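The structures considered in this document are given below.
Two complexes, one shared chain (chain A), two partners (chain B, chain C).
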Partner chain A sequence: MENLVYIALFAPFVGSLFAGLFFARSPKNIVVGVVNSALIFISLLASIALAIHVVEHGAIHVTMMDWITVGGLHIPFGFVVDEVSVTMMVVVTMVSTVVHIYSNGYMDHDKSFNRFFSYLSAFVFSMMVLVMSDNFAGLFIGWEGVGVCSWLLIGFWYHKKDVTPDINPAISPSYAANEAFIMNRIADLGMLIGIFLIYWNVGSLQYDIVFEKLPHLGDGILVAIAMALFIGAMGKSAQFPLHTWLTDAMEGPTPVSALIHAATMVTAGVFLVIRANPIYSLDAVSGVSYFIAALGTFVAFFAASMALVNRDLKRIIAYSTLSQLGYMFAAAGLGAYWIALFHLAAHAFFKALLFLGAGNVMHAMNDELDIFKMGGLKKVMRGTYLYMGVASLALAGIPPLAGYFSKDAIIETAFNEGTYILWFALVFTAGLTAFYSFRQVFLTFEGEERYKKFGFHPHEMYRYVLIAMSPLAILAIITGWFKGSFHEFIIRLLPDYEMSHHTHHNAWWLGLLVLAFAVTGIIIAYMKYARKGDKAFKQDKEVESGFLYKLLINQYYIPAFYTEYIVKPYSALSDKFWSIDKAVVDATVDFIAKVIYKTGDRTRVIQNGNLSSYLNWMGVGAVLLILASAVAVVIG
Partner chain B sequence: MEHILTILIFFPLLAGILGFIVDRDSAKAYGISVAGIEFLLSLWLWFSFDMDNADMQFTEFLPIIKEFGISYNVGVDGISLFIVIMSAMITLIGIISLNEEKIDNIKNMIVSLLFLEMTMIGVFVALDAIMFYIFWELSLVPMLYIIGAWGGPTRVYAAIKFFLYTFAGSLIMLVGLLSIAYLYHLETSVWTFNLLDWYQLDLSVNLQYWLFLALFIGFAFKVPMFPFHTWLPHAHGQAPTIGSVILAAVLLKMGTYGFVRFSLPLFPDASVQMIPMIVVLSIIMIIYTAMVAFAQKDMKQIIAYSSISHMGIIMIGIFAMNSEGLSGAIFQMISHGMVSGALFLLVGIIYERTGTKLMSKFGGLASIMPVYATIFGVMLMASVGLPLTIGFVGEFLVLLGFYKISPMATVIAGTSIIIGAIYMLSLFKKSFFGEVTNESNRGLKDLNAREITALLPLVAIVVWLGIYPKPVLKPIDNSVQKLLIDMKYKARTPEAKKSIISIQRAKEEK
Partner chain C sequence: MIGISHYLILSGLLFSIGFMGVLRRKNLLMLFFATEVMLNAVNIAFAAIGNYYGDLSGQMFAFFIIAVAASEVAVGLGLLIILYKKYHTLDLDVISTMKG
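This part shows the complex of A and B:
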């Protein structure tokens, strides 16, 4: 079994090296794509085998070798495959396999095809390290590793130049990449502090030891640890106020958005909270947990509101990712860790599918992203329409698709906890989710064929790519049906969460209410965006000049605020410091040197060879010496 | 090979003197051979080093002036071992990277470098204070010459500033060293400059305080600590690539090494008392110079200021007073040596090709020079402390260790992981990403064999020690733990006893 762990972990790494070392400088080579996809598939098979093993025999724990050993600190490269990590492994490798195969088609015209696969596989490896590590430092390796891969992949088309934010809010791929990296670093500092706190209070960073010793720690320390780790989680999972990087990250190639910025990396924060559930479920940190739930709910609504007006195909899906991450945090914060993990998995499948569908549309439309320039694409892209429709239904929470089971459970949890404000916000957001998802689908595939005006000649994606996407579509449909057995499996490790009698009693109308909101959202979207002829969608200038629309399309002016009040002052202060360095610090040194030099220069006249002048100076010297000794006597 | 340390010190000197008679055309080959042999010898030192022994090894002792207790006294422990190996390695790589066609008078350059190598290794293995001081001062001479002879337009100003600044500092340090010898004489009526004897000296807290300050000035000028750092950007700005590489990689480490070898064990109480001052200066150093780095337009100045910022991390690690932080600081010295050395080499390569270091003249280099961009990227990631690169281990340990002293200060110093990423990523974006803005750059050649030979070993080490730092960390940790035990034993004040955490105490607690 140990070998399987290593195969699952290192197969993607081998792929990355294979592409990076042997093909970095050669032109597009299909072998790279095939080999890398095959290696990820092997990793998937190993993960599934491990999952079966965990179901039957329980967790596997392996220690590969020492990493850092200093003083009292001992960090090994250790990996644990238990209920939580194996779930993540299967989800990650599943989505990765599809995305790898998909990328063979999507990137086929790109001259950096080989480089792309090298980065993509390196990402999968980092993500596996993140979820499989048996200690916080190992998690941090993966954490930073996915960060770098994300940086490389967002900035994959680094040759594009910077433009002003009104042309492209992300400015350029390389700008977006740096923004993502730096914003994540802010959160990483929080995470590091959490690690330091754990080390100095527990003496180890191994999960099992840390969780075992939690009862011995003071409340203040537990709260500090919980907060610091959550700050780390906020960066990776793009929670407010560190959320702006995620939408800008859409500058990366679409398979990257599907894999990294929807299905896997951004859920790392949620994974961290789930993994550290023994900390977050303590009574002492209930305040922090409630804050997580509240922030999650806020982000769910906040992100959904921005998705309502956006015209950018990928950004809409990015906001929806942000919003769904909020749902996951809401569940985790309320103590329903297994529901959060379940939604994480279900979301990974349908959201990756949605993004890949968007990729097909972009491929067809010469990388056009404005959905106002599309419409009526269903005629030429039947398969993609079907996929995106299924994914959106799942996202909107329409039964019997995956999202219905997982999202509904989160909303029910909020009701069950008696946090009715959160509950209502989540219900309302479910309606918004359905609306913006279908606004996007209808604007793209239904209604008038607006694209003709702009001279596009859309065409469907390659057949094998569509076939490769089918597993995600199937999973987006069926995942929810396995909620019961997943529950049984996962609560062997995670705390169980059961609804109270009261909630059970009310479950029928709760479910119906959510459904009603969702269906209403879809119907409004249909009425407004899907029809043809007289009723066809037209841009409404009046709405677009309104305050609310402006607020939403400008992302509540938060990016502008960051630029104006953080980025610019930082640059100005840096310049200021530089001038201080030259004009004050360095100038002082030069001044001292000059004084010494000048003193020497001036006093040179004393040595003029004139005996009487020497005698005079000797007299002055003697007086000074006498005075000095007198002072010394008086003081001493 | 009992006399391995003597050989390590004097082989480059002899070879350097012989170098004058070598033919100009074979000067570089000669330099590579000598530095190569020296590097192999330093590796031999590592392999025959007893990893479980925390004490001084390969010691040699030969009285020179008996009346004053001045002797030829050398030895190496886990703390100095890797700095010695790094000095030999960086010299070798530096010589390999030299471009014979671009450097006039390459023979003098090789001789200067070999002479410099002697002084560097001498400083790190000296166990006699006078001998330490002599090598310390001698190291200024070849560097002065390298900057003054092969530097940029204002090289004379920069060289003299470098010389006078550090020389002034070391004179005050000399006064401190002489006072310690005098105090030792007062107490035991024996004259000695043997550092190991000095460790036994029990000084009053007040005296420790003044002596600490005297040595502090010498070391702090060298590190260089804020506000004594301004000579460094000038020196880097004017120095030829090889000068910057050795200056950043090795010479700066003399300062931090001095704190570890002298200040901590000689003045444990004063060291603990001085933590607030050191930390304030270090934090200013970390944040302020990182922001100044961000404001720079010249690539090399960014790396120069970033060096100062990283040295600040090393400083707080040294004063963490526990094994995690101090071992981390020493590891970070190695790490910074490798990474800043490589970064200066990389900047030198583009400067040699284009005659400019201004980022505004570049843009889109990644499309033109992919190998160059990749190696630069690896070093960038090491510089910002990415896990599994050499840069993470040291930085992580330092911050972890210092957290025990002051969580608040650690949070502030920890912002270096953010602002470090800001200036490095913006450098990378401006120079390597975007469109090719300068048409004349289109014809730039990617790295040639000579440059790759110089850089690949550094890349390999950056990755190797990031994944498996144990071979280096373990001997360092052994000697550091011994140092901490001695400090704790010697400390007089209760605060110092409390702050210094040796493993023994940790075991007692368990």
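This part shows the complex of A and C:
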């Protein structure tokens, strides 16, 4: 079994090295794509085998080697495959496999094909380290690893020039990559402080030891640890106020958006909260947990509202990712960790599918993203329409698809906890979710064929790519059906969460209410965007000049606020420091260099090629040496 | 009575003369003479001190130095002839090709 753990972990790493070391400078090579996809698939098979093993025999714990042993600090390089991590492993490798195969088609014409696979596999490896590590240090390594890979992949098309924010809100891929990385640095500081606090107070970073000793710590320390770790989670999972990087991260290639910025990396924050559930379920930190739930609910609504008006295909999906992450945090904050993990898995499948569908549309439309320029694409892209329709139905929470089971459970949890404000906000957001996801689908695939005006000639994606996407579509449909068995499996590790009798009693109308909101959202979207002829969708200038629309399309002016009040003062301050730096540090260094340079310049005349003067200098040296030894003798 | 100190003073004087010659002379041949003077100054010191202590190794070293000096002159003079053929002078200010 130990070997399977290493295969699952290192197969992606081998793929990354294979592509990176041997093909970095060569032109596109299909071997790279095939080998890397195969290695990820091997990792998937190993993960599934491990999952079966965990179901039957329980968790596996391996220690590969001692990593850091300094004084009292002892951190082994160990991995734990238990119920939570094996779920994550299967989800990550599943989505990764599909995305790798998909990328073979999507990145077909890109000259950096090999580089792309090297990064993508490196990401999968980092993510596996993150979820499998048995201590906080290993988790942090994976955490930073996925951050770096995310940076590399958002900025994948680094050659694109910077443009002004009104043409492209993300300015350029490199700018977006830096934004994501820097914003994550801010949050990672919180995470590091949390880890330091844990080590300081517990003396170990191993999960089992930490969770065993935690209840004996003081309340203040526990709250500080919980807050600090959650700040880290907020950055990685793009929760308010660190959310702006996620939509700008859509500058990366679409497979990257599907894998990293929807299905796996951004859920790492949720994973951290689930993993650290013994901290968050303590009574002392109930305030923090409630804050997590409230913030999650707020982000769910906040992101959904921005998705309502956006015209960019990928950004709409990015907002919906944000919104769904909010749902997961709401569940985790309310103590329903297993429901959060369940929604995480279900969401990974249908959101990745949605993104890959969007990638097909982009591929067909020459990278055009404005849904107002599409419409009626269902004629040419039947397969993609089907996939995106299924994914959107799952996202909207229509039974019997995956999203219905997981999202409904979260909403029910909010009701069960008696937090009716959160509950209503989540129900209302479910309606918004259904509306904006179908607004996007209908604007893209139904209605008038607006793209003809712009001279596009859309075409369907390669057949093998569509076939490769089918596992995700199937999973987006069926995942929900295994809620019962997943529950039984996962509560062996995570605390159980059961609805009260009262909630059970009301479950039927709660579910119906959510469904009613969702269906209403879809119907409104249909009426407004899907029809043809007289009733076809037209841009309404009056609405678009309204305050609310302006507020939403400008993302509540938060990016502008950040630019104006954080970025600009900070760069002004940095300029000041730069001039001080030049006057003090640079000047000192330059002075030393100048002294040495001048000395060399002056003494160079000694080397004049004349033997006689060399001999004179030699004589001077000899006399000096004799004098020195004489002095030494006299003194000594 | 001529004692050890007289020999050593002579040796020191000769060495200084040779040393000054090395420093001041510009002609390569004269440089050779100056080094020979220095070597022989050392030889005098060796022989004198050897005699003073009743130890033969000082004189042995002096013989060695004479032998080495002879071979050095043989090689050095040969080189000087070649240099003279090439530059038609032995003035060091003229033969200074290795500029730094």
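We adopt the following convention: the second predicted complex is superposed on the first by the 578 of 636 C-alpha atoms of A that agree within 3 Å, B and C clash if a C-alpha of one lies under 4 Å from a C-alpha of the other, contacts with A are read in each partner's own complex, and residues count from 1 in each chain.
Quick note on the criterion: a residue touches a chain if its C-beta (ideal position, glycine included) is under 8 Å from a C-beta of that chain, and two chains touch if they have at least 3 such contacts.
Just so it is clear, the model here is predicted, and its values are computed rather than measured.
S.K.: May I ask you to decide whether A:K452 touches chain B, chain C, both, or neither, giving the answer as first, second, both or neither?
M.R.: neither
S.K.: For A:L615 in the superposed arrangement: first (chain B), second (chain C), both or neither?
M.R.: Touch status of A:L615: second partner only.
S.K.: With both complexes overlaid on chain A, does A:A593 touch chain B (first), chain C (second), both or neither?
M.R.: first
S.K.: Examine A:L73 and indicate which partner it touches, taking first as chain B and second as chain C; both and neither are also allowed.
M.R.: Only chain B; A:L73 stays clear of chain C.
S.K.: Scan A:G155 for contacts with chain B and chain C and give back first, second, both or neither.
M.R.: first
S.K.: Kindly classify A:H502 by the partners it touches after superposition: chain B alone (first), chain C alone (second), both, or neither?
M.R.: It touches nothing on chain B or chain C.
S.K.: See if chain A has more residues touched by chain B or by chain C, and give me that chain.
M.R.: B
S.K.: Quick one: is A:K379 in contact with chain B, with chain C, with both, or with neither? Answer first, second, both or neither.
M.R.: So A:K379 meets neither chain B nor chain C here.
S.K.: For chain C, which residues are in contact with chain A within the complex?
M.R.: So the residues of chain C touching chain A come out as 19, 22-23, 25-26, 28, 31, 92-93, 95-100.
S.K.: Can you check the complex and tell me which residues of chain B touch chain A?
M.R.: Chain B residues touching chain A: 161, 164-165, 226-227, 229-231, 233-234, 288, 291-292, 294-296, 322-324, 327-328, 364, 366-367, 370-371, 374, 381, 384, 386-388, 392-393, 396-397, 399-401, 403-404, 407, 410-411, 414-415, 417-418, 421-422, 425-426, 429, 432-435, 467-470, 473-474, 477, 480-481, 503, 506, 510.
S.K.: What does chain A use to touch chain B in their complex?
M.R.: Touching chain B from chain A are residues 24-25, 65-73, 137, 140-141, 144-145, 148, 155, 158-162, 172, 174-175, 178, 181-182, 185-186, 188-189, 192-193, 195-197, 199-200, 203, 570-571, 573-575, 577-578, 581, 585-586, 588-589, 593.
S.K.: Show which residues of chain A lie in contact with chain C when the two form their complex.
M.R.: Against chain C, chain A makes touches at 604-612, 615-616, 619.
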